[in-house]
Amino acid sequence: MKILVGIKRVVDYNVRVRVLADGSGVDTDGVKMSVNPFDEIALEEALRIRDAGNAEEVIVVSAGGDECQQQLRTGLAMGADRAIQIQTSEGLQPLSTARAFLKVIEREDPGLVLLGKQAIDDDNCQTGQMLAALWERPQATSASKLELNGNSATVVREVDAGLETIEIDLPAVVTVDLRLNEPRFVKLPDIMKAKRKPMDVVSLEELGVAIEGNLEIGHYAPPPQREQGIMVEDAAQLVEELKNRGLL
Amino acid sequence: MTAREIMEYDVIIVGAGPAGLSCAIRLKQLKPDLMVAVIEKGAQIGAHILSGAVIEPEPLDQLLPGWRENPPPVCIPVAKDELWLLTKKGKIRLPTPPQQKNHGNFIVSLGSMCAWMAQKAEALEVDIFPGYAAAEIRFNDDGAVGGVIIGDMGVDSAGKHKDNYMQGIEIHAAMTVLCEGCRGHLSKQLIRKFELDKDCDPQTYGIGMKELWRVQPGKSKPGLVQHTTGWPLDAKTYGGSFIYHLDKDRIAIGFVTGLDYQDPAFRPFEAFQQMKHHPMLHELLEGGEILSSGARAIVEGGYQSLPKTEMPGALLIGDAAGMLNVPKIKGTHQAMRCGMMAAEHINDTASAEGFDAKLRDSEIVRELYKVRNIRPAFYSGLWRGFVRSAIETVTLGKLPTTLSIHDDDSTLKKRDDYTAPDRKWVDRDLPPRDRLASVYFAATEHDEDQPVHLRILEPDICTTRCAEEYDNPCTRFCPANVYEMVADDRVKKDGGRRLQINASNCVHCKVCDIKDPYQIINWVTPEGGCGPNYQNM
Amino acid sequence: MSKILIIAEHDGQSLNISTAKCVTCAQAIGGNIDIAVFGSGIETIAAEAASLESVARVIAVDAEHLSAPIAANWANEVLAIADGYSHLLGPSTTLGKDLMPRIAALAGVNQVSDIMAVNAPTSFKRPIYAGNAIIDVEVPAGATVVATVRIASWQAAATTGGGSVEVRSASSNAVKHTRYVGLKSGGGERPDLQSAQRVVSGGRGVGSEENFKVIYSLADKLGAGVGASRAAVDAGYVPNEMQVGQTGKIISPDLYMAFGISGAIQHVTGIKDAGTIVAINKDSESPIFEIADIGLVGDLFKIIPELEKLLD
């Protein structure tokens, strides 16, 4: 079985993201870029499945400009066997990403596709579900536990009400949550080995995917600042104030 | 314990600053088939670099001819120099001393310049590894330096291995080049082990704090370089500020003070914030926002304090040795020249031997010699310092005397022996409110579940002698609020107080390692990739 | 005029409050508002949905295989009734996040995630970068708007409405590839910090691990989750997983009560989306008071017992 893992190049989670003064975007000048942390967890899970003998090959896929090769190399250094860059100069919205991934799936015929539950830049949380829909295969989102049993998998999902368990037939799309595993650190010698692993580059056009139906992204604004509220004198006033606001 | 994995290189360079990257680039220019690696503890190149910075371009011309066509991301020609003496409310324009004339120089972000240099190095097939800390030196059987050992990762705060534990590897190399910057923790060990400082004065340091601001449109005058001295410091405390005007409404503002200050109650961070509230600066910053902030110790001993820069198997270059030119307030050109010189020496001799002599006979050390008496001239106060430094400057340092340098940990006076001047400091309204808020802008990050990387060698001293004699100055000299004395019910002695070390705030400035009067704070490397994430600093 | 269909969330017993919040968002868009309820034995839930202010009609699709919220099954049903609707809305809960993109893909559109404000019927505000930037998003003309609604941004609609209920049977069979096994609710009596509607937090001002008992006690009285500042974690009063803030959990409860927390920016980052922030601190100069909706200067050890008495 092959496992396909999607990884996205995003502004590192430690970076304090700041909206540009003219509202045209966020300041990415000189900021650290990383693999989306949820995708790192997806890759770690794929590697563990492979290393346990339940898959033969782990392929990392990313859509973007050539700069995303850096993140693909990180994936290879973590242990993926090969990488595919879906080359596009435009930032893809989830539907286009899902369509492009579907084309790669048709070429590679994976038994499992693992993705992060969302990317920490646009926070869309759509691509995995869209891919499953287009592929007409099962989806299991926000996985905190994944067990393979032959042609199916048992997935524990983190939902608002607790932990939901579902069983899905493979092939399927699983998107992963924070608690699934702790990704490994990359070993220095593996960085060197990763330089020699294969990286295929295929353009969006070659895949036959056209970008359609994009949402138009307009003005960027910083979040509203919280303002100073009122002061109360004692516990009784506090309780009254909370009751007035319907909070008690 | 399994044997560590090993990687082999011809040259391993510790620290991707201007010295290390210049060395790496030059090595590959001279000998393309040499195996060269650079190891860097910051999560990315430039993440731990903090500097003014106005740089002299000559070393760049030598290292990367044609760089002016494709300059680093922040690079603004200096248009004008100003030096101001500040009083609490007023200012007096002083003539710019010749060392501070910056015609032909450039204002850069040294952090982004290093990232830019790293790309050039990678294009020459230097292996650069950001996010990995050289935690220990590896010694050969004959006692010579034989490379470095990378710190283990995935160790919890109790020292146990976590799920993702990864043993650090050994990097073996015929030559190890240490360019960790000021007070490098490996350099410190090697200076001690090989007694590299036995023939020189003690080293002396300063603390530099810097903020990058975006000010209201029109207030920044790209290319303007301003320095101030005087307020808020008293005449006995050495220091001053820089205000560099960048493009895109950005201003780099910084404050440097000598770590040889005497007042045990002195708070360098507060002094910096006070300086920003001088009318001249307050007006400039008001209505703007902080983009990034941080702090770093600066090496100030110069010529007299320069240790021997070679030892078997290794060289000490850049500010790890101490090549900053204090009156110029510049070290980048020295670091780069020294990096290139180290590369040439390694290429010529394949040995460390003879490097120190070559260095001392070079323009690098001659430059330090000329200005050797200026920093110590200020030991007797600001005014005598001005006079003496004027004489030294006019005579190009040719007077036969050489003033000696004192260390910084013994200059601090005990509480009972010192009466602080009335500093008349003002209420502040510009951000950051406090050191914690400042750390936020440094974007510093440490996995909190790892061993504390600030090792207190004798913890009892903190709650007893130090509390009594100095009232725990670490709680004040640290610019990142790492050290706090807190009341704790569980502590039954020493007034129920204990030292709380907020290691995850640390911005890796090394001031604690330097200024602690008992020398019981030992700064070691945390997990690789931790620490500040400076952006365009 | 917009024609809006909201996908209801429920647990088989009653309607989840997120549905009423979606209705408020739909009111802001303006137009005809219908709600779709999927499940089995859902009459009371459908009636509840129909009572929400300005809801015209509830379409209740009743089938055994819809009782579990399997996205593939529900998506098929949504598409079967979606014709003629200009907007398909779901809550930005784990259910909505699972379901709505599947619908969007089958409808051939991109989804608008986490609507926090409505600019116009096809233009919305939504947060990105964990709320550190807010963008305007415009859906291209003619495309169906498929969106999730950010729950923390909207009040629940009133239950003074009187829409009709139309019961239908399922249009598709259950998909075979996905099987529901079960749900284990979040264990323990105290709600999970991350999803709690109310959170009581303590800082270094609490003073010790022992003293933290008063925080737990008040939290239990309020049915609240318990959090802590990093200072309290570093001091060893509570374990690390209770940390709220930049390096801990980012939470957005309706009510956040901070006791003995100074309000360093690192902490405030973790609660900036909370509904109402209450701060109790001895030091009137604490920065927490600058962002608190309700502040009270005083000794938490005196105030907490008083609060408990008042809450009895």
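Which chain is which? They are A, B and C, in the order written, and residues in each are numbered from 1.
Quick note on the criterion: a contact is a pair of C-beta atoms (placed from the backbone, for glycine too) under 8 Å apart; a residue touches a chain by one contact, two chains touch by 3 or more.
The structure presented is a predicted model; accordingly, all values stated were derived computationally and were not measured.
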item	value
Interface ranked first by C-beta contact pairs	A-C
Core chain by centroid distance, with centroids computed from Cα atoms only	A
Whole-Å gap between the CA centroids of subunit B and subunit C	47
Centre-of-Cα separation between subunit C and subunit A, whole angstrom	22
Distance from subunit B to subunit A - Cα centre to Cα centre, in angstrom	38
For subunit A, residues contacting two or more additional chains	16, 18
Residues of subunit B whose C-beta touches two or more other chains	440, 445
Subunit A - residues contacting subunit B, complex	12, 14-16, 18, 21, 29-32, 181-185, 187-189, 191-192
Subunit A contact footprint on subunit C (complex, rising order)	11, 70-72, 75, 93-95, 97-106, 108-114, 123, 127-140, 143, 175-187, 195, 198, 254-255, 268, 272, 275-278, 289-298, 303, 306-307, 310-311
In the complex with subunit B, residue positions of subunit C that touch it	204, 207-208, 210, 230, 233-235, 240, 246-247, 264-266, 269, 287
Residues of subunit A touching subunit C in the complex	11, 16-19, 26, 93-95, 98, 120-134, 137-142, 154, 157-169, 172, 213-224, 226-239, 241-242, 245, 247-248
Of subunit B, residues touching subunit A in the complex	5, 7, 43-44, 46-47, 73, 109, 111-112, 115, 127, 129, 132, 150, 153-154, 162-164, 166, 169, 171, 214, 249, 291, 440-441, 443, 445, 533, 535-536
